[in-house]
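Structures follow.
Next, two complexes with chain A in common: one pairs it with chain B, the other with chain C.
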Partner chain A sequence: MTTSASPATTVQRESAVLPGQGGITGALSDKFWRNPKLLLILMLTPPALWLGIIYLGSLFALLAQSFFSIDEFSGMVQYELTLKTYGELFRPANLDIIIRTVSMAVIVTLAAACVAFPIGYFAARYARGKWKALFYIGVMLPLWSSYLVKVYAWKLILAKEGILTWIFTKLHLTWLLEAWLTIPIIGGYSLSVSYTGTFLVFLYVWLPFMVLPVQAALERVPGSFIEASGDLGATPGQTFRHVIFPLALPGIVAGSIFTFSLTLGDYIIPQIVGSSRLFIGQAVYAQQGTAGNIPLAAAFTVVPIVIMGFYLWGAKRMGAFDAL
Partner chain B sequence: MTTAVSFAKVSRHFGAVRAVDDVDLSIAEGEFFAMLGPSGSGKTTCLRLIAGFEQPTSGHIEIFGTTVEHVPPYRRNVNTVFQDYALFPHMNIIDNVAYGLMIRGMNKADRHAAANEALELVALPGYGERRPGQLSGGQRQRVALARALVNKPKVLLLDEPLGALDLKLREQMQEELKTLQRKLGITFVFVTHDQGEALSMADRVAVFNDGKIQQVGSPQDIYQRPQSRFVADFVGSSNVLEPDFVKQLTGKESFASLRPEAIRIVAADGHSATVTGNSYLGGNTRITLALGDIRISALIPADQNVPETGSTIQISWQESDLHLMEGAQ
Partner chain C sequence: MKSLLKSGTSVMVVLAFAASQAAAADMMTELGTPEGSVNIVAWPGYIERGETDANFDWVTSFEKETGCAVNVKTANTSDEMVALMNEGGFDLVTASGDASLRMIAGKRVQPINTDLIPSWSTVDDRLKSAPWHTVDGVHYGTPYQWGPNVLMYNTEAFAEAPKSWNVVFEEMTLADGKSNKGRVQAYDGPIHIADAAQYLMAHKPELGIKSPYELNADQYAAALDLLRGQRELVSRYWHDAFIQMDDFKNEGVVASGSWPFQVNLLKAEGLPIASTIPEEGVTGWADTTMLHAEAENPTCAYLWMEHSLSPKVQGDLAAWFGSNPAVPAACTGNALLGDEGCATNGFDDFERVSFWQTPVSKCESQGECVPYYRWVSDYIGVIGGR
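The block that comes next holds the complex of A and B.
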């Protein structure tokens, strides 16, 4: 083929294929390029071992314990398969703990969803550039400091002599606080020893875990969907009900998995802030530590897992994941 | 004839940007009206002003005689076919199409019957149970059309609805949209940056540039009698001739447009020009020519020989093909 000389041909090239980079890295690059599965296996083996043996393995070992029982006289674990320990969960004292914990988890989750939605909506639809960075810092900042410090800080805020009482006094709203504290169950001597206090601290500590997935879900809703809904006659309220909420639901469900299961398993917050009644996490702690009743502790651990299983099954049946 | 949409001195500014600048416009009922212009020319903002997604900074908008400033989109009897179709992914096709009727409180049986009818209108019967993700781009486009038409809007707005389709599908949809518009008699306002699309479909075309309307008229008007250099250049890529050259030809000092297909190669007695390049377009070949320091382009039909690059040829055109643009800057 004859071509006229163009400037490009004046650059001399030895061949159409460049020489290999040489050395071990060059040889490895070529090998992985020819055999991509090898790279995949190399990358996946360590995490698979970690997840499979250390993480899930120890969890199943713990769960297996729940099918053993404890001898009431000797206090020794009897290694015979039985459902006796699960039966103990239904004793009134233990059932109380389960109901208390699940109710708290449900309320914390609902409240977190209500608080997180406007924040996530603002961040996804209006915040740009600097404001978006500020949003992420604002949401994540509480996660950077120690959990114990935050919980103790809340204990001081909620105490009878704390800043919240002071604010209510300055606003001449002491009567409101007093009235709230006289309500049975959720009230108490002060906020720091009431279920209201426990609820507030749970809500504060787990809120970022709800905000981030909700914001991510809303981020994926194009503005044209909202405009299209309005264009077809829907008021903003109807657009929320029929378009925004269903599309954000997978995010809310993802967030609620965090807030719900974290509340179900936590044993620090109810111990520091709130009435001295036990939550599941504290019961597990007490049973496996002081009481040495590993089977009952394991059985308590199974409760949140079963609840989460039912919750996800129900959410899927209700179509929460249809928009994914 | 009733006026469907009218703009009186309408402006929409975004900060310092004048997206729409002092626009006067009147669209008649039952008209197929195209807004043509490059991106950022204000055509889409005009459409959004009609839909109600934007509010004018100043000026006055009426839809069928009713003032619509401060009227939210959900109270306007106007529907939009969005550029990205904006079909709701969590609903199947039938619920997407019936959405507007559901919002109005129509019962399920009636709205599904109406939605099925609309799907038949856009040649997608039996697709109701599918999800938007399972349809091709062309099918989604038809669903978006059905979803808008099922509400029997007074004005249908189309925001570059054919932009994402491949050439063959686009030509087919152009034909279908035009037939549909004639059949339904609804006023269509169509935004596009494709001059071929605007010329082939619309009854009237408004050419936008820099937030202003450059010219409004029938496709023939716009193509054959452009009133400004921009319109001549943007619509049909006419050659725009400078005033001093036009003065030599006609004695009048003004810009003039000359369409490439009007230029003929002749044996003698023409203007002599040097061929500087060519590009093969299939049905014809576009060649670029230099007349002294003036550059123009011409179209050579497929059945004629294309002169070689570098050769000198004689060209000519009919006096009537030279369109003077008096007053154009």
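The block that comes next holds the complex of A and C.
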């Protein structure tokens, strides 16, 4: 009786759940298999902490500062919630800085779109083989060299006694340059100390960020659409307005996000080329670095965040993120 | 949260205004054996070991003699220096007038025992008890170098040296027959308001300005008015020494407040540039070598302070930086500086220099003054055309 083990008991011992595999990796593997959510939590925690504490945390610490104010007499920061610092943003001098920066960002973005479109169009529809490679190198090359070197080079090009003035003199066009510089606001003593100079440098430095998305958008416009438009009797102008431009618009909007936000935040270019009138980035630097007025610096930082919030909302509505 | 923000982000502000009656920490009474190294926070170009130019080396010999390896951390602004010293891990700092008092108030530096520095007696009497490193009769460091903010000008535009700062403050026709509009520069920092105040001290005595760093509301408003007029003349405010030099070379700028550093470099390139100290006087800076309150290598630090006061080091540094030595003996017999070097850099004009200090609301001369943070926001407005 005792010698014969019944098959039934053997089956009972082998239950559906296998015994643990043993070892740490084995145990962990089993645990993850049983609780898929645990693995998910473990994998997501580090990036969530990074995003939550390092990135958002520091951002909110900064934003919180903007609700404090600086004591008029002692210059000490007062830790009481107030909107006074935001009120200071509307002082004429500070409002000037905001208007100046936003206008520059808008103009740079529009100009970049106008310059980038033909370049992108050529690259997308005509350039083939090695020309396409050359296009990519040509557009990307400025991004590989040092930003500062480029800006200093531009300072020399635009200087009163620089190469641009020399070219204008050789072409007997000095009068044109002089006339341009006498225009109020955008003119100045020389190109390198005028808004025109600042604008040109911004345009040059940020152009690649516009060309690439525009080119990508134009690549996706099917050639058959353009042929069909022509077959149906549309003039080239009508084809551009009703077919090519609307289809390329998401690319332009995507590029404009780069050019607009980069211009909004830059504080190096206006310091080297321009009339010394501050842009938002420089104002933040001056207020927190030397003045110790951290609340006002924080309030200034909020301005581009709010503007970009609206901008991105508008861009989303125009379909800039559809391709993402 | 409140206390976290307080301690985290406004350490500097708090330190700046902390009670200045710091109880004197225990100063050293005798030197021990050299620890083998010394860590210094310094302005760029202040501590040279012959790597930029083999002639300018005042570190190698010190390391050989004392066995203290010198480690230098350069800082570009006074705020950066204060931050590094707050962080700790350094023994010495070459602090300017604005940073030095902040660090004394914040107890980041300790009093020094001048008996342990044999060369102390050779220090310029004008600097020995200067208010930017001496508080209540206690010395918090050894003077290192000082210099004036001179008026740099182009000798082709000016037949003779300008006598007054009015060439950068008021529109006029220069000796070359053209207006100064667009051809002058001013410093792109709020401290330039002090230069305007100094000009008003001489030209509008009825305002009663006693110190260009201590201005009441009326005096301050007058200085801002003067600067608004200057905005019409200035095409670009200078911020970076090398950009200013480029503007004198390529942008047709002929006059500006500047440092001897730029003047010497432009002269060395053979350009028609010279500098002068106008009748109103000038503003200037004076730096002090200060010892960290928790210095880990105090003996090496004391040895460095002694070494830094030797005429050779002082003279070489003055030649290199375009500054003035804190030890008068350095002015004679230094090959690099030359016998004219001190006169060129403004050594004899000490009395005419108003040394840089941070404007505070509680000022000595008149009780209530406009504090520095307002200088910052208002100067931004002036440059922006307000």
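The definition used in the following text is that the second predicted complex is superposed on the first by the 261 of 324 C-alpha atoms of A that agree within 3 Å, B and C clash if a C-alpha of one lies under 4 Å from a C-alpha of the other, contacts with A are read in each partner's own complex, and residues count from 1 in each chain.
As a working rule, contacts are C-beta pairs under 8 Å (C-beta built on N, C-alpha and C of every residue); 3 or more make two chains touch, one makes a residue touch a chain.
Because the structure is predicted, anything quoted here is derived from the model rather than measured.
Trainee: Overlaying on chain A: chain B and chain C, fit or clash?
Mentor: After superposition on chain A, which the two structures share, chain B sits beside chain C with no clash.
Trainee: Going by the contact rule set out at the top, does A:278 touch chain B (first), chain C (second), both, or neither?
Mentor: Only chain C; A:278 stays clear of chain B.
Trainee: Which partner does A:238 contact after superposing on A: first (chain B), second (chain C), both, neither?
Mentor: A:238 contacts chain B only, not chain C.
Trainee: Can A:296 be said to touch chain B (first), chain C (second), both, or neither?
Mentor: So A:296 only meets chain C here.
Trainee: Have a look at where A:93 lands relative to chain B and chain C in the superposition and call it first, second, both or neither.
Mentor: second
Trainee: Contact-wise, after the overlay, does A:25 reach chain B, chain C, both or neither (first, second, both, neither)?
Mentor: A:25 sits against neither chain B nor chain C.
Trainee: Taking the superposition as given, tell me the minimum C-alpha spacing from chain B to chain C, whole angstrom.
Mentor: 45
Trainee: Enumerate the contact residues on chain A facing chain C in the complex.
Mentor: Touch residues, chain A against chain C: 61, 64-65, 70, 73-77, 79, 91-94, 96-97, 100, 155-156, 159-162, 188-190, 192-193, 271-272, 274-278, 283, 286-287, 289-294, 296.
Trainee: Tell me, which parts of chain A touch chain B in their complex?
Mentor: 222, 224-225, 227-235, 238, 242-243, 246-247, 319, 322-323
Trainee: Within the complex, which stretch of chain C touches chain A?
Mentor: Of all residues in chain C, those touching chain A are 1-2, 5-6, 8-10, 12-14, 16-17, 77, 79, 181-183, 188-190, 234-237, 239-240, 243, 246, 249-252, 360-361, 368, 371-373, 375-378, 380-381, 383-386.
Trainee: Help me check something: in the complex, which residues belonging to chain B touch chain A?
Mentor: Chain B reaches chain A through residues 51-53, 72-74, 78-80, 82-84, 86, 88-90, 99-100, 102-104, 147-148, 151.
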